[in-house]
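Below are structures written as structure tokens.
First chain A sits with chain B, and in the next complex the same chain sits with chain C.
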Partner chain A sequence: MLEYALLAGLLFGLYYSLVGLGLNLIFGVMRIVNLAHGDFLMLGAFAAFWLFNLFGTNPLVSVLAVLAVFALLGLPLYYLFVPRLLAAKDPEMLSIILFFGLSQVIEALTTIAFGTSERSIPGNVLGSGPVRFLGQSFPIAWVVSGMASGLAVLGVYLYLYRTRLGYLTRAVMVHREEAVATGIDVHRVSAIAFGVGLALAATAGVFAPFMLGSVTPAMGVDINITSFAVIVVGSLGNPLGSVLGGIVYGISLMFMQSYFSSWANLLPYLLLIGILLVRPSGLLGRQVRRA
Partner chain B sequence: MIRNLAFGVFVGSFVAITCAARAADAPAEIKLGTLYASSGNFASISMPVHYGLKLWAEAKNAEGGVFVKAFNKKIPVKLVEYDDQSNTATAATLYNQLITQDKVDILISDSGSVLTSVAVPIARDHKMLLIDQTGTGANFFTKDNPYIALMSDPVSSIWPKYVADFLTKDGPALGIKRIAILYSTNDFTGTQATAVRTFIKASGAPVEIVYDQGVPTNTTSYNVTINNIMAVNPDAVVELGYPNNDISFLRNLQDSGTKFKWLFAIYPGLETELLVKNVGAKGLEHVFSYVPSSAIEYKPELGMSLADFHAAWEKKYADAKVEFGFNSVAGYTTGLVLEAALGAAASLDQLELRKAIFGLSGKLKTLDGTFELDEMGAQIGEITPLGQLESDGKDGVKFVVVYPHDMATGRPVYPAK
Partner chain C sequence: MPKALAHTLFVLVPVVAAAAFLPFAYSNQLLLFNFVVFLTLAQGVNVIYGFTGYLPFGYAGFFGTGAYGFSLAVIHLHLSPIPALAAGAAAALLLGLLLTPLLRLSGAYFAIANLAASLAVFQVVSNPNLEGITKGPYGISLSGVFSPNLSYGVAVVFLAATLGLIVFLRNSRFGLALQAIREDAISAGMAGVNVVRGRVLAWLMSAVIAGLIGGVFAWYVSVFYPETVFSPEFSIFAIVFALFGGIATLTGPILGVVILYGVYNAIGISTPQYFQLIYGLLIVGLVLFLPNGLVSLFRRWGIDVP
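Presenting the complex of A and B:
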């Protein structure tokens, strides 16, 4: 029981890392809170669902389409909303209000378009049969989703630490005004980061039917709560802190389900309260300012 | 002769004038206040019920309205409807609004126990009869509250009776001795879990409960739980959840390659179309569930037959965004009971309506079976039989009723392979 919970927690942890990653990247670069994050994840899930149902597209192929579409969608959305927000006196608070509104609009439109029922993709499209590992057996869909999440996290690491654009992005994360002063086109860098953030959320959405059982237009709120727990535990503003936060969250969730199942839904709140009391800057908090 | 004629004319005129006066007093419409959840956790059980009720209202209005005995004429019905978005706080505000601002004639709760729970005290405080569509939590019904009547589902405390009876009476002969219970922690499924536990313990049968755990209603991954249940080696597993729970549980079960020898879940029976879409027919094969009214051809004495209702549903909601199933029948049944009650009530006074509804108890047969209330307003007449889902040879599933024996259409497959 213990080994199973631990290993399942690691798989889920990788997935939850991806769930929180886009939100943290956007906050880290722009210091705005994208409360529509869960809804972009939901849109990614519905995109994968419809691509599979209409054309039989394998979700692993859908990921590529979703990545491209949402990254491109992020650019106009950035220029529509974010520069105005950043020019305001309190962009963080205003962003919460603005993206909450956007979240409601997305949920309402998706409900009108697709209805309220649960939707999912058969688990066997990612492979058949369970995978045995260290004497434990896991659904192959979990393993594939976990690995894909790991690859996405690796991609973000390479983007931030091995590309020129990544260096510029980190410069903006450290100090936006100084980045402007040194001649960095912060809007271009931020717009790309915004697009990448949305693409990461949508990518997590592609795997949501396998990791979360089913998807509905209303799932965004729960995803947001989970995402906040993940990134606050890891470190708010440090995208790679999401990995640690995700793994802590995933393992904690599986242990809660094993030993205190009735209370498992309290986990995000318990983690949030605990980390804010003990280490408010998150487990990797120091690196926020040294990004 | 002339005196008799004059008397007749007088009496006739009096009756005509009285009737005319009553008709003149009649409202232009009967306002039915109700809530629905177009989004959130309960949307998938709320919308089918709401659409079923709407379908009834529109069908009646197309005929000129429902016959209201209190005014001796047909009066159109108007649904005053608000979206609570599956939020109990929003629902509480809207229930109050329906009563105090909209001044509805009849108050109808949203679907399910969670969104009905907040309506129960509000209706009671305002002395409004709560037409409870599918809120089956047993604690809603108390002897000191005359302001509630459950329309379309049996109360949760008796709903799983046939499940428990099967396990305790037929189970031991099949080799069922160890039972696991997994439930979502809400009124609907929590009460059913308590009922299963109580029935099993009271039976004195040689079976024991070896696993008994609750999980939050928003649980989306069950693999760890499935692994833990497997560790206690049960002969039968009773999983009680809402649609999202059942979908996740059954998908996780299928993906992990785990097979329980005997598995019961609620929604494979109640919302079969939805479950087939999400889990697939193979994932539902051999699963036990309630055999819903949408799968049994009860002979209704009022309203459409099941086939006609299904056809009307498919015609009206052709976009298939809301699936036909048990809950759609439940909403339609609510309308039928109201129709019968309005046709019998002497006035629109809330306690008169209650009297009329209770007067139908045990007499009215709808698509949900026999409508029967206990003294507290809990539905006790629409108990669903226990069935097992089997492949229909195509891409769907069909029900085999296995309990009670007098309704059985086949024998259970045990252990499931």
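Presenting the complex of A and C:
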């Protein structure tokens, strides 16, 4: 039971890192809260569902298409909303409300198009039979999703720390005005980060049917809370902090489910409030933000 | 004429009179009751968000706590409805006190933590393990105290009191102090405003307003589930209505509720997804083009609106 909770927690932790990563990247670079994050994840899940149902596309293939489409979608969305928002008096607060509006639009359009019924993809399309490891067995869909999430996180690490663009992105994260002053095209850098953020959300969505159960147009709100719990535990504004947050979250979730199952739903909320009150900067953060 | 009196005469009295007398002219009392509930909630959001700048994304937590405080007082303590309403308000006040540490957080952090707190309360109340106390997910039935006319009247009284509070905040040193804290807490503190006291008072008042109206809601509908009273829609509608009209004003949230909730009742009930689409677009447009609400439009034309 203990080994099982730890290992399953690790797999889910990798997945939850990916769930929170896009939100955290956007917050880190632009200091805005993308409250439509969960809805982009839901759109990714629906894309995977339809590609699988209409053409029998393996989710591992759809993930590439989803990645590209959502990254490209991010660019016009960025220029439509964000520059105007950043010019306002209190972008952080206004962004919550603006993206809440956007999330309602996405949810409404998805409901109008597909209805409210629950959709799922059978787990065996990612491979058959359970995987045995250290005497425990896990569904292969979990292992594949966890691995894919790990790869996506690695990709973000390479983008941020091994490319020139990532270097510029980190400069914008540290100090936006100074980045402008040194001649960095801040809007271009931010627009790409925004696209990457949406693409990561949608990628997490592709694996949502295997890790989170069936998908519905209204799933976005819960995803947002979970993502916030993950990134606040790690560190808000530090994308790689979400990996630590995700793993802490995944393992605590598995322990709660194994030992106190009827109270497991409380976990994200309590973790979120507790960390915000005790250490608002997250486990890896440096600055403390207070009113 | 002093401004406070003018606000009372020309805004508070007509709105309360309309709420009180419309049931005699219009038969759908439930609809009118919902208007009264949202008018009160939008003004409750106005107290904390409009005057101090804290966005209460989990405002429904207080509403639900009030509803459950009322219901549990009726079921377990066999109180009659009016004292039970006080119990509901006390429960909301207690939750507000418990959450005062959240006021240390700023901006988005507060909004998220507040949302998480309200969902945590919902998870506790609806937990099947607590069926003996809260009835868990199976809901509450209060047919013994059901009394639509009396509870409607009490709701109108609470609306009047809430509007009175906003008139006070608009025309008093305390309201001005709160707005100073919202604009710049450090400067306000330097000028001698007690920042912590101001914020905590506004927060608790806002919590009690939601708790009271939540209790009346439970009394009026008398059969409900935890999802009904903790529904995030209460928070979101109240915030959007207040914002749409214009926060930190008396008329803004009223306009917002009358217009948007009117639209909701015209199209939202039969086809909720189209209403959701419209209000989503409205919110986006509002933030981009009119971040200070409808009332700011009048201000731009040089008309002073209370």
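The rule is short, and it goes like this: the second predicted complex is superposed on the first by the 286 of 291 C-alpha atoms of A that agree within 3 Å, B and C clash if a C-alpha of one lies under 4 Å from a C-alpha of the other, contacts with A are read in each partner's own complex, and residues count from 1 in each chain.
Here is the rule we go by: a residue touches a chain if its C-beta (ideal position, glycine included) is under 8 Å from a C-beta of that chain, and two chains touch if they have at least 3 such contacts.
Because the structure is a prediction, the values reported are computed rather than measured.
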Partners on chain A (chain B, chain C) - clash or fit: clash
Which of chain B and chain C A:111 touches, first, second, both or neither: both
Chain B versus chain C as contact partner of A:90, first or second or both or neither: second
First, second, both or neither for A:214, with chain B first and chain C second: first
Which of chain B and chain C A:262 touches, first, second, both or neither: both
Partner chain in contact with A:100 - chain B first, chain C second, else both or neither: second
First (chain B), second (chain C), both or neither touched by A:4: first
Which of chain B and chain C A:64 touches, first, second, both or neither: neither
Clash-bearing segment of chain C, relative to chain B, as chosen among 6-14, 60-68 or 222-230: 222-230
Touching both chain C and chain B, counted on chain A across the two superposed complexes: 107-108, 111, 262-263, 265
Partner chain A, residues of chain B touching it in the complex: 37-41, 43-44, 46-47, 86, 185, 213-216, 218-225, 227-228, 231, 243-244, 247-249, 251-252, 254-257, 274, 277-280, 319-323
Touching residues on chain C, where the partner in the complex is chain A: 53, 55, 57, 101-113, 115-117, 119-120, 123-124, 127-129, 185, 232, 236, 239, 243, 273-274, 276-277, 279-284, 286-288, 291
Of all residues in chain A, those that touch chain C in their complex: 33, 81, 84-85, 88-90, 92-98, 100-109, 111-112, 221, 225, 228-229, 232, 236, 262-263, 265-266, 268-270, 272-273, 276-277, 280, 289-291
Contact footprint of chain B on chain A as seen in their complex: 1, 4-5, 8, 12, 107-108, 111, 114-120, 122-124, 129-130, 136-142, 210-214, 216-218, 222, 253-254, 257-258, 261-265
